[in-house]
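Here's the structure, in structure tokens; my notes come after.
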Amino acid sequence: MLDVQAINQYYGGSHTLRGVSLSLQKGDCLALLGRNGVGKTTLLKCLMGVLPVSSGSVVFNGEDISRLAPHQRAARGIAYVPQGRDIFSRLTVEENILMGMATKPAAAARRIKGEIFELFPVLKSMLARRGGDLSGGQQQQLAIARALVAEPKLVILDEPTEGIQPSIIKDIANVIKLLRERGDIGILLCEQYFDFARQLADQFVVLSRGEVVAAGDKTEIDGDDVRSHLSV
Amino acid sequence: TDTIKVGILHSLSGTMAISETSLKDVALMTIEEINADGGVLGKKLEPVVVDPASNWPLFAEKARQLLAQDKVSVVFGAWTSVSRKSALPVFKELNGLLFYPVQYEGEELEKNVFYTGAAPNQQAIPAVEYLMSEDGGGAKRFVLLGTDYVYPRTTNKILRAFLHSKGVKDSDIEEIYTPFGHSDYQTIVANIKKFSTGGRTAVISTINGDSNVPFYKELGNAGLKATDVPVVAFSVGEEELRGVDAKPLVGHLAAWNYFQSIKNPVNTAFIDKWKAYAKAKNLPNASTVVTNDPMEATYIGIHMWKQAVEQAKTTDVDKVIEAMGGQTFTAPDGFTIQMDATNHHLHKPVYIGEINADGQFDVVWKTKGPIRAQPWSPYIAGNENKQGL
Amino acid sequence: MTSSTLVTTRDHLFRRQHLFSPRAWTGLLIAIVLLALLPLLNLVLPVDHPLHISSYAIALLGKFMCYAMAALALDLVWGYAGILSLGHGIFFALGGYAHGMYLMRSIGRDGVYQSHLPDFMVFLDWREYPWYWTFTDHFAYAMLLVVLVPGVLAFIFGYFAFRSRIKGVYFSIITQAMTFAAMLLFFRNDTGFGGNNGFTDFKRILGFDITAPDTRAVLYWTTLIFLGLALVFARAITQSKLGRVLTALRDSESRLRFIGYDPLGFKLFVWTVSAIMCGIAGALYVPQVGIINPSEMSTETSIEMVIWVATGGRGTLIGPVLGAGVVNGLKTWFTSALPEFWLYALGLIFVLTTLFLPHGIVGLLRRFTARNARRTF
Amino acid sequence: MGYAALLKSWRRIVLAILLATLAPIALAAEPASIDAVLLAPLADDDTDAKLRVISQLGRLANPRAAQVLEALSNARLYATPEGRILIAHDGKPAIDPATGEQLDVPADAGNIMINNRLRRAIAGALAISQLFSDDAQVRLSAAKRMQQSTDTSSIGLIAQARSRETNAEVQSALDVAQASLELKSPDPATRLRAVERLGHTQRGEFRPTLASLLAQNNEGIYAEPDEEVRTAAVAALRSIDRHLSKIEWAGNLFYGISLGSVLLLAALGLAITFGLMGVINMAHGELLMIGAYVTFLMQLFFRQFAPAWVDWYVIAALPMAFLVTAGVGMALERTVIRWLYGRPLETLLATWGISLILMQGVRSTFGAQNVEVSNPSWMSGGVTLLDGLVLSYNRLAIIVFALLVVFFIWLLLNHTRLGLFVRAITQNRRMADCVGVPTGRIDMLAFGLGSGIAGLGGVALSQLGNVGPDLGRAYIVDSFMVVVLGGVGQLAGTVIAAMGLGSLNKILEPWAGAVLAKITILVLIVLFVQKRPQGLFAPRGRSVE
Amino acid sequence: MQQLQAAVLLTDSGSDASYGHVTTRDVDTRHGVILYLEDITVSFDGFKALNKLSLDIGVGELRCIIGPNGAGKTTMMDVITGKTAPTSGTAFFGQNVDLTKLSETEIAHAGIGRKFQRPTVFENHSVFENLELAMKTDKRVKPTLFAKLTGEQADAISATLELIRLTHEAWGPAGLLSHGQKQWLEIGMLLMQEPKLLLLDEPVAGMTDAETERTGELLNELKGRHSLMVVEHDMDFVASIAGSGKVTVLHEGSVLAEGSMAQVQADQRVIEVYLGR
């Protein structure tokens, strides 16, 4: 469903992504790994359309979306949990979740379905609180909830477990598994927490200095090999 | 050179543009008229228009530009007294020549300036006398309402002294000032109303510029009619009334030395010329243009300067000043008026008009003929000895 | 520790610790010398000489330099410390009024009413100078006021505002409110500063005829010297560690607190310095322009100052100086060349500058001299 | 024939008899038509003679005399050079009141001008005959006018009217009118009764006459000789003064609310473009101005094409102004402002430039002068409360209108997603884009909405003050103050701030004057922000950083 | 590892205030306790983020704090650093410094440094300048205006740069760093302040496992000579730094459990609310 071909990206003079390619099938979970500062976030931003690519293509469900604006990509079913959460800090929790449904028709986006609160019960008790007042972990949960209510076809998660308590990480893992099992959604997961990634991913792509240095599915790839790419 | 440069120093933007743009246009019209007549000393006049943008210090700067850079022979310009005061030092320093076309407070006499508007005794004093007369309503109490700057302050100082001389007590005089651009007159109108419960009251308004419209609207809506509390204004003319619905104002008064409604052939020609000019130049709202007192004063000023230059046979400032004294001109105000030989002011007739529904004035009182200006008001102590230059 | 690291570090540190790069020093000196020569073209050359410069042009340049100094002062707080003042006109005006009081008293009895009082006091029937005019006939005292009045006002205002942690638009708006209030106050004739007219018709400064060409030239040079000093001084501040604290303050004030800096003192320092600089600019402006009135405190004036800075390039020092010169130069030129259309031209320039020159004139210059420019100013 | 006409109405007979006793001159006149000789002085310059004619005409119980008076007061009376007086009618031939002859006004006929003194006299003269009108409303206003009369000779007429009057309101008005004349009665008891009656009215207009009773001449002798009457006068004055101060308070409150709604209307658009969107929109004032000019154009349009409906031009101007300014706003947003999001201070520079262009644009098109926008008749004048407090209709309308606009915005922001989207965009544009908000379109709509509301504000402002190129400049500072004081992005805060500033201003103004009041307000704003550095409705907590 | 040591040595020299005089009362830690929190309550519109929280930390202790999201860990740090005023309760730095009466700046002066949960660096300043600003020195106006960077100080900054592996980015704006790099920069800034008590809110969030390990080593080095309070959700990391030290579990604003890592991990209540089954 997602096919990324030879993306190049520059920040001013520095070449951040160098010919990155990857592809993701419906129902799969792809984990994107790499050390700090190698360009993982940059890649995800390029996929979401937040950053322009200077060359290469992003094809989603057969359509080249590499020139589309983020909201157009969102409309095509891509949801994004950014690193750093990007909560609308002065909107209430409820409004934040409603924002997740921005691509839906207004009538359908009046109420929040209860399901999401089963996953993140804490949000339910805090609907009226401002997003920015939440604790770090609560915000992270909110960001994930916001992406999930959009009922996306592809969800891009940039370090979703950051700052989240262990028990909820487990829950999130379960949800991702569940989504994956449903088979109608693609998951692109960028993660530092290797065990978490390994538990969920069908495929791995390891990035180093903007280049793909290793890729393969979970049967092919060897954990220690990946780890070696991740250490200094 | 084969032209004579003439500076025009009127605000074309900012708060005073309302009043001053038409003076610039009249000046250009007059210059065109003179040029069509063969110019001055065989040379064409070349207008140099600058925009001091209602900013007083800019008046000084632009005056300096006109005199030092463009080397104009004369400048026609300024409206508010404060702009004149700010440009004055430049005219003195560079020995320039300024024709100032607006009624003002007096208390000034400069060799480099010719005042073609009214001094207080040619406008304010007769207006108050009229208000006190049987016909004017026999006012006993007075609200002196003005914009807070030198012209209203000084004028009211003179008027207060004048009223004292007529036996009016301080308790029967209320002086109120508002800043330029003031727009909420609710409280002030309520105050006037309250003040008027103390006896026959008239308002003497030296409100300038933009504030007049909200003031009159408030007055109308608060139900204060001219028959109850008449307002006489010194800065409201035909041009200002273009921006107001005149119906609620009918009966309120203004004192000037000229009204568009004055009937005489010179005036008719002047009005026609102006209307034709507006149409030809495609001025905004050309179909509704009006003439007013400062426009007439500008027109007179330019013509008199031309006469003086021709008499002096030079544009040299000192010689022109010399030649200005005693110049006469058949003015649209219905008289052949004269530049005083000593005090640089015109002898002017005084008219008091009531606003009618068309935004014009019906003359209800006038002097028999032109009267001489007293720039040094006799009502101000210490002025007794000041007369000519 | 690799040696290459040390080299770059030292390199950077070296560049950082010098006030100006040699190139910038040269440029600055050449500019000052050229500007200093201009009045001579007015004084020495005969009027009809092709190189003669009119007294008008000199006066204009003198005025622009005062504006440039005000812009520089504003940029110090806005560009570096992120404090946007929409009311800097008040400091400019207060400096001007302080000097103006002295100039008014130097008129002596040469006014219209030949009184020892200024004309406007005479027509208000005042018999004596009000207390706040005491000693203003002494030049030195007036100069003290030029520094003290804007300085003290800024200090008090700043102390309370910064202590309450008023920031962003809230701060901008209260500076506007303060200046607007002051303008209304000064517009009142009863306040004792000449109302709408302000002070004008000066005759003498320190006994010299204020309109004499050589007096004007001296005023011009004085302004030039002060502008040069202001530039060096501002550069010294922004180059110091304090300068970096200021920019940190602009970007994240609360973070700065947690590493142990008290923003109050830093803000107050730069705010007061800026106000004083602005006051001095105002004091230099008055004798050259020949009038000071409350319109200098109008909202428009203060906003225009912001515009000079933005046009020139906020957060650079030469930018505001250029901005003040260019914007005012264009304005002067347009108001005569296109008296009825100048607002279109000026407005369009503002719009285009923001759209196409996000870093102002300096940004444009840098694009041309891209290589070395980054650290010169 | 004249008598025949009189016989038609018994009222007229009564009146004629009455007039016969009171005004012998009137008897001599021919009632149906008017003697040209009587009218002749109207053509001259002598005001006193004119006054005599007016008072005589007033006593002629003659419709034609009333017609002459009305024509005189409406400047429709002409005099030919031969001294013939003609009543002109718009579109119809003129009538010679002396002969009834219909003819065109000769070209050399001059309009007879009047002044305030004559106007007052005409009103009084007309009032006498109107006292006997069939219409109670006309009688009432005539009676009120008679209260101002100083002509003691009309006492009898008033008494007569009073005796026949059935309407209670008119009765009491006549009583007052009678009382005000009876102050001059030689009988102390009558005077006493009159003083008491006038005191009861509590109306300020009787203050001068009552006060004059207490005046002392140089020898210390009172104008009113009777001690008892003087005591009553003192009491009456006190009662009037009490009432006046009550009116003053109520007035200040009203003025405050009214000023508040003006500030509110001026600021509401900015509450959206600046408060919600973060654009420091210096061209906001010019959007107000455009709204006002649209109103002006609508008025022109109606005058030209639908003169019968001209009173409703303001209503029609509302949607037009909204659309036009919204269009201008959207165009600005698409061409300039969209490039500046995230650089709020740059918007200041660009919108300042835009404001200069818009201002000059209007100046070039409509001229530098103000244009005339008149209140529709239903917005002119006012309702009188408490016998002396006039609440003008235009201000009332504006208060109501302000509330409506607030309600409209509230609906839009809280019951559509627009408000949510706009707030989300200003907080985190990139993320809003990522969740699927078409930021470009929302920005355009929101800016259009803010501008459109500014346009509505402009319509309102056009009803109060100047409509000229500088209109906007006058409101820009106040608008920003209101929005900021209320707390940026807080609609409720904006409303309260506007009302608070308005009321405070008007409470301070009577004793401090307009300027000091404004200065005080500004100083209070500065102090207030010390206490609330984020405005009235400041959000607190972590989310603020 | 030798750079690491260098940095640790540097932070050691902090006590002798060699960079001009810093005017704060000396913290009295004679009782061996550097931080006392007693009955701290913080309520936001009725919601109690902290509820009668009591806690103390000994001199030289490294205390790990864990607890569910929203337990109040960050709020506690806010109270200690003066960002949030407690609704009730007392907070003392040593025996004598009442933290509730001091401003953020004064608390920083007294010797408490903090790394924030979300990295907050001066984005427009270079990495070098970020460290320079944080560096312990007299931070009042006048000394700052006339401050000159000494060779010694420059070296200290260079050492820290090496330690946080940002030498190559030293002169680029900090805003351009990646998330993990900013985390490191924050840690670097904290070290430059040479505080007596270091508060670290989720120091390894977003770091790779290798980086996490390094951080652990660094903290272990600091332990003993400095007092540290570390908040983390990464249990392996917590285990690696806690050693035999105490771990405190916060829940709903107060202490739920306290003890060694093993004790805590075995606690049923902790498993219930935090670790999950």
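A, B, C, D and E label the chains in the order they appear, each numbered from 1.
Here, contacts are C-beta pairs under 8 Å (C-beta built on N, C-alpha and C of every residue); 3 or more make two chains touch, one makes a residue touch a chain.
Every value quoted in this text rests on a predicted model; they were computed, and no experiment measured them.
Participant: Determine the shortest chain-contact distance, in steps, between chain D and chain E.
Facilitator: Steps on the shortest route: 2.
Participant: Any chains in contact with both chain C and chain D?
Facilitator: Both-contact set = B.
Participant: Hey, which chain is the most central one here, using CA centres?
Facilitator: It is chain C that sits nearest the middle.
Participant: From the C-alpha centre of chain A to that of chain D, how far is it in Å?
Facilitator: 64
Participant: Between chain B and chain E, what distance separates the C-alpha centroids? Give it in angstrom.
Facilitator: About 75 Å separates the centre of chain B from that of chain E.
Participant: Between chain A and chain C, what is the gap in Å from one C-alpha centre to the other?
Facilitator: Each chain reduced to its C-alpha mean, chain A and chain C end up 51 Å apart.
Participant: Which parts of chain B, given as residue numbers and ranges, touch two or more other chains?
Facilitator: 12-13, 148, 177, 179
Participant: Identify all positions of chain A at which a residue touches two or more other chains, and write them in rising order.
Facilitator: Touching at least two other chains: 133.
Participant: Two-or-more-chain contact residues of chain E, please, as numbers and ranges.
Facilitator: In chain E, residues 44 touch at least two other chains, as defined above.
Participant: How do the chains pair up in terms of touching? List each pair.
Facilitator: According to the stated criterion, the contacting chain pairs are A-D, A-E, B-C, B-D, C-D, C-E.
Participant: Which residues of chain C touch chain E in the complex?
Facilitator: Chain C residues touching chain E: 1-2, 5-6, 8-9, 12-13, 17, 237, 240-242, 244-245, 247-248, 251-252, 254-263, 265-266, 269.
Participant: Report the residues of chain A in contact with chain E in the complex, numbered from low to high.
Facilitator: The touching residues are 11, 35-38, 41, 83-84, 122, 129, 133-138, 140-141, 159, 162-171, 192-194, 227, 230-232.
Participant: Looking at the complex, which residues from chain B come into contact with chain D?
Facilitator: 12-15, 17-18, 20-22, 134-137, 148, 176-179, 181-184, 186-188, 190-191, 193-194, 197-200, 210, 213-214, 217-218, 220-223, 226-227, 230, 239-240, 242-245, 247-248, 251, 283-285, 354, 356-357, 359, 362-364
Participant: Please name which positions on chain C make contact with chain D in the complex.
Facilitator: It is residues 84, 157, 160-161, 164-167, 169-170, 173-174, 176-178, 180-181, 184-185, 187-188, 254, 299-300, 303, 306-307, 310-311, 314, 340-341, 343-344, 346-351, 353-355, 358 of chain C that touch chain D.
Participant: Mind listing the chain B positions that touch chain C in their complex?
Facilitator: Those residues of chain B that touch chain C are 12-13, 48-53, 55-58, 60-62, 64-65, 67-69, 81-82, 85-86, 88-90, 93, 107-108, 148-150, 153-154, 157, 177, 179-180, 382.
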